[in-house]
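Next come two complexes built around chain A: one with chain B, the other with chain C.
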Partner chain A sequence: MRARLPEFPTQHIDRGQEISFSYLGKRMSGLGGDSVAVAMYDNGVRIFSRSLKYHRPRGLYSLDGESANTLMNIDGIPNENAEKRRLRDGMEVSAQNVRGRPDTDFYSFINWFDRFMPAGFYYRMFHRPYKLWPFFLNRIRKMAGVGTLDIHREFDDSRRFEIFLNADVAVIGGGTAGMNAALAAAGQGLRVCLFEHRAWLGGHMDWRVVEFEDEPLFERARGLAKQVEANTQIRLFTQAPVTGIWGNKLITAYQTGKDGEYFDERYIECRAKSVVVASGCIERPLVCNNNERPGVMQVNTAWRLARTYAITPGKRIVFSIGDDLGLEAALDLAELGLKVLAVADARSDKQNADLLTRLQSAGIEYLPGWAASNVKGGKHVRGVELSELNGSQTCSFKCDLLVASAGQQAVIGPLSTAGAKFRYCTETGLFQPTEMPPKMFSAGRMTGLTHPGSIDTSGTIAGLEAAAACDRDVSTNLDAARRAAAKLPGETKGCDLVYGPGIGAGRKAFICFDGDGTFKNAVQSASQGFDAPELAKRFGGFGLGPGQYQVPGQNLAMAMSNINGTPIENSQFTTVRPPLVPLTLATCVGPRHNIYKQTPLHRDQKARGGIFRNAGVWRRARYFSPDLDCRPEIRNVRENVGLLDGSSLGNFRIYGPDALRALQRVYVSNMEKSREGRCKYSAMCNETGNIVDDGVVTKVADDNYYFTTTSNRAGITIEWFRYHTRFDDWDFKLVNLTDSMGSINVAGPNARNLLQKVTKEDLSNEAFPYMAYKELIVGDGVSARCLRLGFVGELSFELHVAASHSQYVWDLLWEAGQEFKVHPFGMEAQNCLRAEKGHVIVGTESEQRVTLLDIGLGFLWDSNDTSSNKVGAPALRACENQQGRMKLVGFRVSESGVTPLDGDIVVDGNDIVGYVCTTRISESLDCSYGMALVKDGYATRGEKIRMCQALGKRHDEYTATVVPPQFYDPDGQRLRT
Partner chain B sequence: MSFTITCPICGERDVYEFHFGGRDRGPPPSHDNLTIEEYLRYAQFRTTRTEAQLEWWFHSNGCGSWFTTWRNPANNREEKPQEMSNDQQ
Partner chain C sequence: MSAVFRRSPIIFDRKAVEKKGSLGWEVVLEFEGEGGGPWLVDLSHLQRWDYQHMELDSTAPFGLSVPAEPGQVFIQNDKCIARMNRTQAMITCLRTGDSIETRRAVEFTDMTDAYCMLAVVGPETPCVMEHVSNLDLFKPGRKMPFLTQGPIMHIPAQVVTLDAGCVLMSFSRGYGQSFADAILHAASGCGLRPGGKSVFNKRFFQKHE
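Right, the complex of A and B next:
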């Protein structure tokens, strides 16, 4: 670290806090408040990276991450922008896209071959012969590109969060315009959110020492910032760049946590009633030869290095600027004791006369109507040539820093993503909004104002207009503010310089730094027909890098209109797309990657060795044995008794005078037949006759029914009922009991013996037959709804109990089951058991192409009913006798050697005629069996079908026999005994 | 794309809270004497429009009700067709 400039109140550094870090293994140190890039610069680093295509050296150009120049690998994370990342103790920083070190990069020779790499050369050069493309792809990837992701690195996502806000007024930009807008809106009692991408408020006033109304601008800005911070109506987000504005004023942003904050980064979504955009301006780079050499930097970069960070930006400084801020910066640096050799100003008139006088008295050579034409030096600036714009005169200076800019360009990103239209304004030299989205207002420098008073007042006006959009009566204040604005200076003349004098073909005059897009590339694009900015952007690679439009945006628009010879006021800005600022995927994703519901028995199942899998919105126990075939679980259910936690099953109550009509509408069966004490199995179809749900319905009392749905369907059932009855004005109520109830399935030949031990109710086959329903009291008086069903093909009782009683009932059954050696079983065992029985699972044995009839459940449909307008009934009727449909069949594979897999295809020659829905190896049948959906021509029982399995590049074919899908106990004796 | 929908019960909310139920095309046809062509026109055919239309929305992460609201799919704003907004509120 070098000696810094003397202390001054504009600075944002903590001289008491020395921070040590390493760059490429070398120890360096900086001060608290430094960004990584600033600290590196202070330690003498001048070449930060190599460019994408030509491997040209690149240095510190901006301080707000406007280009990819300072993308670094920081603490193992690639593509961190060192300009924006705050320095922390022990940081390890290394360079990217270099072989060796940035200052001695092996690939730097490529710079000399630029004439062989014209615009679009990647697209045109390497695809013939096509076979060589993979070779070139590999080479190019090695040489061009940015960071390398270490996929083996452990990533801690526990400090990434997200917040969702609602605001009355959102203000984008924490400059003085934004602050005034926020205060004006907050003064109306509105809730305001203010987003500022830097760590402090103040915008470009933050480092300016000139006085306005007897107060230095930075002190004015800081006074305003204190008011904003103290205002409880304003929620302030600093270090929070906005990434986009979406439909109806939804603002997305992300915030980097300061030291001691609970998050590293958090994603912000803010829905506002009205929005003020005061995103200000950034500098428009000067397009001249070698304009991106290390040692060329923006006006604000050099200025802020000195004023904000107390760092000497250079020893001998030349300015080539295009606005009064440039003059002010040159004067200010000279007053700080830095050696300013000359100031070339691209404007010939309309300069601030006072600044010119001061420049003269400071003895700085001033060249109006001049600009830099060429930057000399290899790895760093050694001199600069300045020329008159018409090229008639030239002079050179030896210097180590060229402060170059062609004036300002508006930050149009946020407004642009919100749908505002922009047009180039020949007066201000900015792209300014011509058409604003509803309830959005712009203010500040982006509207062409430069006078501090005008900027502030424009903010106040915008804030009041935003308040008016929130239905506040602000007419008096607004009139006063508008009268004040009328007395203040309006828009200022801007700079319309397209490129510096003497750039020739523009071989080394860069419009875009990130993609190495030169002026010559723009000419090449136009000459090959890609003449519109949007086309040139793709063909020549302008603004496709991490900095997006910030460096090339306005220059590309102006250059293309210049090349095409069209009027500059018709030039077009290429579309700006979100995210406006790159952010990590981890920040978008947030902290919770795996969200699921747990059943009331979750902990119990886990303690019993359950292996869990996500199933829809639930987390469910899939296996209870390390053997994933689940043989012991299956055998136990077939021969003894098992317990299944089926709590994810949907349970509903429907009641009211029109409950039955609603059931008749959505279920395919005649629901009048559902009786008290009985379970009626039925299914729901959609309007095209596809089965969407199945379950049982029981009548609890008159106009009062209880029904179950599949786990996946539970979340949408109420919506479905209400949708299909929305025109009917029927009186029924629906209650989703799914989350409030647990379900335990007691299945196996010993199920009755087990259950009988915990209830006094008569469970005999006569008193409680198959498909019956009873409300039982179990144990010490817990009431349970008991459904005698047979999904797994054995005698089984499903107990539905309150979620809070589930564990009690499970424990009761478990204890009672000890004499039978009861065992839990999971989803996989249940799947095998039900598949052996030929019971379908909606979505596994059915899909969009098959109807209720195709999968063999046609018997459920009450086809005579046309009066209740059953959902999907006309579609079922239409395809009742249709040929060429897919049908669900069972199959057996007797061949040994191939184990069928779910998803194997059914083939006939080269044609695919179906696929396997579910297949398992059956112990009881001693063969592989399964269910497949096949075209009806292949569905004949006893026929052989060919199956094909693809494993990597290998294809195995095998033969199966079509059989009825009921493999196990086809008569259903076991579940009826 | 994110926009807002105004639920008659809960007010203006993010569209994420809702499920879309399609353009309002009146009640489904009665199944009595319904030809398959008529039915398919109802069940399968949709018209894409770029003007304000009356739509069904379900407030799934809210009050759980179906309601209709005017929306222009071209800009996702809740607005009525111009000729209607004058005489019909």
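Right, the complex of A and C next:
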């Protein structure tokens, strides 16, 4: 660290906090408040990176991340912008896009081969003969690009958060216009959110020492900042660049955490009723030969290095500027004791006379109507040629720093993403909005104002207009503010310099730093027919880098107009797209919270060794042993008794005078046959006759039913009923009880014996037959709904109990089942068991090409009912006797040693004639079996079908025989026992 | 045979200092190291009822007045009645152990077990909520308490803003544990930590009695 300039109140550094970091393995140090780039510059680093295409050296040009010059690898994360990243102790910084070190980059020789890389070279060069293109493509891709992500490295993303704000007025930009807007809106009692990309408020007034109304501008700005910070109606977000404004005034931003804050970065969404954009201006780069050589920097960069960070930007400084701020900066640096040799001003008139007088007094050579024409040097600036704009005179200066700008350009990004339209203003030299989205307002420098009082007042007006858009009556205040504004200076004449004198072909005059886009490339683009800024942008690669429009934006539009000979006011700014500033995907993603549904027995299942898998919104136990074939679980159900946690099953209550009519509408069966104490199995179809759901319905009382759905359909069942009865003024009510009920399936030959131990109800086959429904009391008085079903093909009792009682009931059953060696079984075992039985799962054995009839469930449909307007009935009727439809069939694999898989295809020669829905190896059947959907001609019992399995490079075919899908206990004796 | 117990969908990874049994539930009144808030309080044991009626305005379930507009909430006799839509209201007994016998009334459905209910309590409640939802739960000028139906951490929820320092969130019970874990992390920057029922009682009953 070098000696810094003396202390001054404009500075934002903590001289008491020395921070150590390393750059390319060398220990360096900076001060609290420094950015990484500033600290590196203070430590003598001048070449930060190499450019994308030509590997030209690149240095510190801006301080707000306007280009890719200072993209570094910081602590293992590539593409971090060192200008914006706050310095922290122990940081490890390295350069990227270099082979070797930045100052001795191996690829720097490419700079001399720019003739081979004209605009659009990627689309035109190396393509003949075309077979060579992949070779070059590979090389180009390896050499181009910036950072490299270490995909094997674990990054800690636990300190990334998200925050959602609701505001009446959002203000973008924390300069004095933005602050005045925020205060004006807050003064109306509105909720205001203010976003500022820097760590402090004040905008470009923050480092300016000239006085306005007897007060230095920086002090004035800080006074305003204190008011903002103290205002409880204003929520202030600093270090929070806005990334876009979306529909309905949704503003996205992200914020970098300061020392001691709980987050590293947090993603911000702010929904506001009205928006004030006071995003200010950035400098428009001066386009001249070698204008990006290290040692060329913006006016604000040099100024802020000195005023904000107390760093000497250069020893011998030349200015080439286009506005009064440049003059003010040159004077200020000179007053700080720095050697300012000359100031070339691209303007010939409209300069601030007072500044010119002071410049003369300071002995600084002033050249009106001049600009830099060529920057001399190699890896650093060694001198500069200044020329009169008409090229008639040239002079040279030996210097190590050229402070260059062609004036200002408005930061139009936020407004552009919101849909504003812009037009170049010949008076201000800025692209300014001509059409604003509703309830959006602009203020400050971006409107062409430069006078501090005018800027402040424009903010007040915009804040009041935003308040009015929130239905506040501000007419009195607004009139007063407008009257005040009328007395203040208006818009200032801007600089219309397109490029520096003597640019020649512009081979090394860069419009875009990120993509190495030169003036020559712009000319080449136009000559190829890509003569509009939007076309040249893509063909020549202007503004496609991380800085997006900031460096090339206005210059590209002006250059293309100049090349085409068309008026600049007819030119269009290229579209600016979000995100306006680069941010990490991790910040966009936010905290990766994994929110899913657990059954009431989740912890118990886990403790019993359950292996969980996602099943829709639920996480359920799929296996209970490392044997993923689940043979012990299946055997236990077939021979003994098992317990299944089926709590994800959909449960509903429907009641009211028209409940039955609603059931009749959505179920395919005649629901009038639902009786108290009985379960009725039925299905729902969609309009095209595809089965979408199945379950059982039981009548609890008159006009009061309880029904189940599949787990996946539970979330939309109520909407399904409402939608299909929307034209009927029926009186029925639905209640989703899915999460309310735990479901325990007691299944196996010993199921009755086990259940009988926990209830006094008569569970005999006579008292409680197959498909019956009872309300039981289990244990010490817990109510349970008991459905005697048989999905797994064995004697089964499905207990539905209150979710909070589920663990109690499970414990009861577990304790009672010890004498039967009861064992839990999971979803996979259930799947095997039901497949053996030939019971279908909606969505597994059905799809959009097959109807209820095609999968063998036609018996459910009450085809005689035409009065209920059953959903899907017309479609079912239409295809009832249709030939050639796909059918669900069972199959047994004829060959031994074959392990078929779900999804295997059924083939006939080269034709695909079906696919396997479910297949497993059955211990009880001693063969591979399954269900498949096949074309009609392949569904005949006894038919031999060929199946094909493609696993990577393997390609196996095997033969199966079509059989009825009921493999196990086809007569249903076991579940009726 | 063990005594009947009921279990909340949520277990906080904190040691309970004081518990109370009620209707089979074991309600934690205070956790160790609760600190100064904000707190996340599990209220899943509180009894809740779904009430649907075609003529909702003309009824008085449990003697409670039904709010006239959807989104309005009334607090009466330690019960919270929130109007969901034209025909439906949700009734919650806010006092532990409070229960209502409704076996004969067909319009009522016991929803105690259908929902997980969490309260965020403390002055930093707005800070907590803006970390987990984009809903405008503290809109100035809107009379509290009020109901908002929308996503919290992308999960459909019913949110009752009781006041600026207390919000009740109800959502499908199955999400309970993973939701609670997520919100505790998401709002860790606001200092959110588990709190016992006493925290809610102090805030709510002192204010409404």
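The rule we apply is simple: the second predicted complex is superposed on the first by the 958 of 977 C-alpha atoms of A that agree within 3 Å, B and C clash if a C-alpha of one lies under 4 Å from a C-alpha of the other, contacts with A are read in each partner's own complex, and residues count from 1 in each chain.
The rule we apply is simple: a contact is a pair of C-beta atoms (placed from the backbone, for glycine too) under 8 Å apart; a residue touches a chain by one contact, two chains touch by 3 or more.
It should be emphasised that the depicted structure is a prediction, and the values quoted were computed from it without experimental measurement.
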Query: Taking the superposition as given, does A:Leu488 touch the first partner, chain B, the second, chain C, both, or neither?
result: neither
- request: Could you say whether A:Phe727 touches chain B, chain C, both of them, or neither, answering first, second, both or neither?
  value: first
Touching partner for A:Cys948 - first (chain B), second (chain C), both, neither: neither
Query: In this superposed model, does chain C or chain B come into contact with more residues of chain A?
result: C
- prompt: Which partner does A:Gln598 contact after superposing on A: first (chain B), second (chain C), both, neither?
  reply: second
Message: Just checking: does A:Ala199 make contact with chain B only, chain C only, both, or neither of them? Give me first, second, both or neither.
response: neither
- request: Determine, under the contact definition given at the top, whether A:Val735 touches first (chain B), second (chain C), both, or neither.
  value: second
Task: Check whether A:Ile905 is in contact with chain B, with chain C, with both or with neither, and answer first, second, both or neither.
output: neither
- request: Figure out whether A:Ala803 sits in contact with chain B (first) or chain C (second), or with both, or with neither.
  value: second
Task: Examine A:Arg271 and indicate which partner it touches, taking first as chain B and second as chain C; both and neither are also allowed.
output: both
Query: Shared contact residues on chain A for chain B and chain C?
result: 271
- line: In the complex, the residues of chain B that touch chain A are 1-4, 14-15, 19, 21, 26-28, 30-32, 34, 36, 39, 42-44, 56, 58, 60, 64-66, 75-77
- prompt: What does chain C use to touch chain A in their complex?
  reply: 1-9, 11, 24-25, 44-45, 50, 52, 54, 87-88, 106-107, 109-115, 130-136, 138-140, 153-155, 172-179, 181-182, 185-186, 188-189
Touching residues (chain side chain A, partner chain C) in the complex: 158, 161-166, 189, 191, 261-263, 269, 271, 591, 593-600, 602-603, 617-618, 647-648, 653, 655, 701, 703-704, 731, 733, 735-741, 779-782, 802-808, 811-812, 815
Complex contacts: residues of chain A adjacent to chain B: 246-248, 250, 271, 419, 438, 687-688, 718-719, 722-723, 726-727, 866-867, 869-870, 873-875, 877-878
